[in-house]
Amino acid sequence: MGFSARDALSEFWTSRTSKMGVALIVILFGISAYVLVSYPLNFGTQYWNKPQHWADYPKGVPPSWTQTFSSVRKPEHMILTTDVSEKRTRGIMTIDFNINFDLRADIFPQFTSFSLSDLTFYDTPPIIHLTLTKPDGSKIEDLLVESVPYPPSGQEPPYVKYVESPLRVYMPGSPAVRNAIAGYLRTEFGSTLTPLEIRNMGLEQFLFGSPDEEGEFTNIVEGTYNLEVQVEIFHEDDTVGSVKFVVGGQVYGFMGTDTLGRDLAVGLLFGFPVALFIGFITSTLTTIVGSVLGITSGYMGGRVDELIQRVCDVLNTLPQLPILIFLVFILGQNIWNIIVVLVFFGWSGLTILIRSMVLQAKQEQFIEASIASGASSRWIMARHIFPQVAPFIFTQMIFFTPGAILAEAALSFLGLGDPTLPTWGQILERGFQTGAIFLGYWWWIIPPGLLIVVTSLCFVFIAQGLEPVVNPRLRRMR
Amino acid sequence: MRLGRSLLIKALSLLMVVVVTLLLMNVILGATGFSDRMLGALVNEQVRVYRQGLLGTIANPDEITRIVAEHEETLRRAYGLDQPWVMRLPQMIWRVMTFDLGEAKSSQTFTGSTLIKDLIAERLPKTVLLITTSVALSAFLGITIGTKIATKPGSRLDRFFSNYSAFSYAIPTWWTGLVFIMVFAVFLRVLPAGGMYSSPPPTESIARFLDLLLHAILPISTLVLALSGAWIYMTRTMVLNTAQQDFVNVARAKGLPENLVMRRYIVRVAAPPILTNVILGLAGSIGGAILTETVFGWPGMGLLYWNAIVTADEGLIIALTFIFTLIYVIARMILEVLYVILDPRVEY
Amino acid sequence: MSDILELHNLRMYYSVRKGFFKTVPVKAVDGVSFNLPRGEILALVGESGCGKTSLGRTTLRLLEPVGGKLIFNGQEITHQKQKDLMWLRKEAQIIFQDPYSSINPFMNIHQIMEEPLIVHKVEDPKVREEMIHRALQEVRLSPVEEVVRKYPHMLSGGQRQRVTFARALLLDPIYIVADEPVSMIDASSRVELLRVLSNLQKIHNLSILYITHDISTAKYVSDNLAVMYVGKMVEKGNVLKVTEEPMHPYTQGLISSVPDPDPNNRHAFREVIPGEPPNAINPPPGCRFHTRCPHVMPICHEKEPKLIEVEPDRFTACFLYHKEIVEEEGPGDKS
Amino acid sequence: MMVLKIRDLYLYYQTLRGEVKAVDGVSLDIEPGEALGLVGESGCGKTSMSLGITRLLPKNVETYKGSIELEGVELMTLTNEQYRNDVNWQKISMVFQGAMNSLNPVLKVGPQVAEPLVIHREMKEEQAKVEVLEIFDKVGLPPETYDRYAHELSGGMKQRVVVAMALILNPPFVILDEPTSALDVSIQAQTMNLLKRLKKERDIAMIFITHDIALSSDISDKMAVMYGGHIVEMGSAEQVILSPKHPYTEKLLASTPRLRSYSQPDFIPGAPPDLVNPPTGCNFHPRCHMVMDICRERDPPTCYPEEGQRVECWLYGDKNE
């Protein structure tokens, strides 16, 4: 029995997997700390589950680093904003903005959208004119003519609009844009495409393409595009804050996006602290309940032991997931319900293990020696029983953490996750529901799963590393 | 007889578990007011249909409202909504124990019946087929590999499989399913993506069996990947412990061939503890089956469970939870019987 | 000088669960009476399952008797509550058998020794320090400063037992139960430890109940020797008389079973007690040894012989020497 | 012709703390039907001797060399497979320390005893059962013990089963490693009588390993005293007990309390040697009451003070070699 702590630790460090486990944990904590610092706490409700927030993001596109492997050049996602404007008066007063951007790709961008923010006007609401000039000089006049709606009566000038949420025009969805393009095609190429046909074929090929011999808009006009924004104002004190033009790319960011346009990297990052939180809270509570009951029932024996044993038997014979589904479904899908249910089911296994260890530890003669010297049961449990069982309890605590993470992921995958706290399971659930696997959106399915696996693995490796230390008989033969 | 008595006691305690679970579920249903809401909704639905029927026949509106109110009252008393939920408890439990599980809101069997009882009768064999084959396969793999790596502890193979068990524990079963579908069905298009038979199921029996097999490969391998890790790790640990016992040295001293020593003195003695740990682990694997069926669209109880959740069909969820507990308790019972047979030292 | 320990027909049963509902009493100590004067070492000898260890623990009230009377230093403690027995925990101590299990491997020697002092409210750490040093000095575990910081796995079996001896002495006890203190120590260093124990006994005038299965060590340590068989005391007397002229057939059988180093042993078969010791759950009727006794008589089957003083300070319970029988259990005993 | 001739047997283990020299050059001979008592205290290498002879080497064995001749056949050259087929249990059988755990808990006791017959003699199950019942009767076990499990038997009965198992193939040589250490005194005496009777009837040569020199005298014709991996003294029972030569044997006898005579027992100060780095020269010198300077420097020579009595001690060797 006499192994010292130093022996134990040196044993732990020899196995490669334990070192890897510890390294992983450090990384996990690092990321979680970063996320906790940089993310707003109501990220779930205010950002992740609010579709408008992701309006300007490309939908269901792979990560941009996939470009390095594929020969086909896909357009990058471009969000072009400027607040530099120039007021000019030639007949009508206008505030002009100029946005230039380069396009080098073999495929057309996914969509375009225009937004304007911080508008202040005193008289009739201004009118916005967009003109797009392609690198080959061909120009689409009045691509968009948007008039700002009249302010509700009873308001006094100056009228301030579009401060929190900007005026946003999703080009593919706007009839005005379709008509403008139809006119441009007619005048420029004499094409007889109707606005409806243009909508079905997608505007992007006309905005960024030029016709080949048979008049098909297949090849992309590469080069520098210019978007001229003229805001026609009717009062010299009118001002415009900034304008934004978004060219929807076919690749995005580090982890790509899902079909709602949500940046998966952001979602996955937020998953780290949530997973660790669920894992640790559940495993700590389970371990505390399990060890207290285990030690008491093991040491006290008699009716107390009998009662705890019977309860453990019942809890141990219940299948975890079905009951979990039932309870979360009934009690409501919030994180605390999930944790309470997981703890309620987790402790019984641990209690039985600890009870058997305590029964064994109780046989040691120094326990009886302490009793004989008048020590109280509490004293003996604290000073003699607990130190012997503590290493095992610690290992079990680490072993429980992945269990909790996996259980929550399973629940989220079944749609029972807590919506206010986006987790990897929920991302996967969305992926599964929208048939991402059949669309081949591997970047939506593989990374969240991998993260669950990696997070669970590092705990399992550490627990496995500690196991021989705690239970010398398991020590690997040299 | 030793076997009979201890099994009887085991059966009694497991039956007691089922009753306790049922009690637990119904108490929770009652306490959270869920069952009142549920039954209330049921009554309103029936009243609405009843009012529809009346509109046609009786003209004067007061008359209709009176009859409908009367009808509603009888319904409420029938469902026991007039007394506190505690009074309904015994009746609820009795109904479930006699498998009168009511109707499902949305799902129905091939034959169109929405009775939960028929739904379960139709779907249960498919789940049992999936679980038993996976558990059997994992057990076989677990024991053969576990024993092999236990003979050479610390070897490369041993380290590989220890890591494998760690992976197998850490990987969510359903995610492996997703990945398998994407890789084998979508990208490589080698295996079917889900379901139990291809859409026009082949009629001729051998082709039908082959088709079933083809569809079953991915779900079963997903489950085996999840279950075999625990089996391997447990077998290795138990075999290593048993190998250090004195009677193993005695067996070797007796000049018995090594494989006989391994089979009769190590694995045979380690079998009961391995079984105990597997019994404990079984609670988790049932969950795996539910999710695998959901991912592969395997028309078993798991998929039914998922449909019930998606359509928020309370009645079906409650019934399924109970049935799953029942399956699990029966599975445990079978393993307990095996344990008592394997280990002569057990007398309760 | 009054007796430290007086036992009158002491009975202590364990209850063992048979099957799901039934519990069965194991009659570990079944009516034992003797007195232990101050400063005397009584050896308690018997085979495993004879109840000698249970008797030892019952005298310390670590186990509660079901019948009879137990008087410690003039005070009856048969059924007292544990919390009222704190004074007993100071005056009566116990030494264990297994050096590897009798001290907590997670604590250093100082912590191990300090525990009884803390439990008995010796507040001042300086006083505790000094007491520990004195005790370790007495069992000749020096240099004390070094030993105090060591962990159990750094000491040999013999050294560990000395720590348990020192720990038992800390609170100046008057009675010690030594339960097989040297049976796990190598033969060559066993006597060294026994010498330490008897020196301590002389200096502190301790009464010691020396429990062992090895009769030969008892011969050189104790003043008197008592032999136990299946919960009963069958013989008691001066150790040299009992070992040289054993009266009870069981004692005779025990002594003839133990070989002395003598080359001729190999040529002759030893006189041996046949059969196996009966279990204490349903002991045989009458004299419990009748199933294995070479001199069994008809009366031995029905009646149970009483432990009678057949000669001054020589007790035995056998019909060969007297006819006294044990009446049935008196009423009012907790069964 | 010698049953067993061992010359310079070495057995070292590799442990966390370094190389343990458990058996450090041991030689001995055993005549047919002769019982050699191997006496030594904990850590002297007596159990390693038994493992070395039966080649039940643990995984961390480092060095295993020397010559073991059984009935004229050199065993060291045999491959493990040959050893298992021809030697194990047929030529050398063993009764392990603590018979409590020597029987497979989940198999019936009878078939386990019959196993060697089934494996080595290709005997049918029923025929083997007949022989087992026969030997059960010889060791005083009732026939129904055949169908019992180990946990249903008492300590004494398990001991008899294990002895029966060792004798089932009637091997010429048996090793008994502390067979009675876990038994009560009366059962131990019964077992010793049984062994004596079987030794006479079956004329078996044996090594009887024990830490108790008194118990060894109960059966051994010849005795060898081991200390720190060496046999420090070997001779007939009379020579070793009545006129011990080596100081360790002397002190060992002195510290064994006598029941039938009165002699104040003595003891040996200090503790057994650390086998990883044993003391220089004679590794008993730190505890020896007759220690001389030379004992600290050089290994003691092997001397024969009397015919048939061998001692490794400078008291009897000539110093200027």
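As written, the chain order gives the labels A, B, C and D, with residue 1 at the start of each chain.
Note that a contact is a pair of C-beta atoms (placed from the backbone, for glycine too) under 8 Å apart; a residue touches a chain by one contact, two chains touch by 3 or more.
The structure presented is a predicted model; accordingly, all values stated were derived computationally and were not measured.
Put simply, the chain closest to the centre of the protein, by Cα centroids, is B. The interface with the greater count of contacting C-beta pairs, when C-D is set against A-C, is C-D. Relative to the C-alpha centre of chain C, the farthest chain centre belongs to A. For this pair, chain C with chain D, the centres built from the Cα atoms lie 33 Å apart. Work out the mean CA point of chain A and of chain C, and you get 70 Å between them. Computed centre separation for the pair chain B/chain D is 57 angstrom, with centres defined by C-alpha atoms. Across the interface of their complex, chain C is touched by residues 35, 41-42, 154, 156-157, 184-190, 192-193, 196-197, 211-221, 236-238, 241-242, 251-253, 255-262, 264-269, 271-272 of chain D.
Contact residues on chain A toward chain B in their complex (touch as defined above): 17, 313-314, 316-327, 329-331, 349, 402-403, 406-407, 409-410, 413-416, 428, 431-432, 437-438, 440, 442, 445-446, 448-449, 452-453, 456-457, 460-461, 464, 473-474, 476-478.
Contact residues of chain B toward chain A in the complex are 13-14, 16-17, 20-21, 25, 28-29, 32, 34, 153-154, 158, 162-163, 166-167, 169-172, 174-175, 178-179, 181-182, 186-187, 193, 237, 240-241, 244, 280, 282-284, 286-287, 290-291, 294-295, 305-306, 309-310, 312, 314, 317-318, 320-321, 324-325, 327-329, 332. The touching residues of chain D, when paired with chain B in their complex, are 54, 56, 84-85, 87-90, 93-94, 96, 98, 101-107, 115-116, 119-120, 149, 151, 162, 165. The touching residues of chain C, counted against chain D in their complex, run 47-48, 156, 158, 186-192, 195, 213, 215-217, 219-220, 240, 243, 253-263, 265-266, 269-270, 272-274, 276-277.
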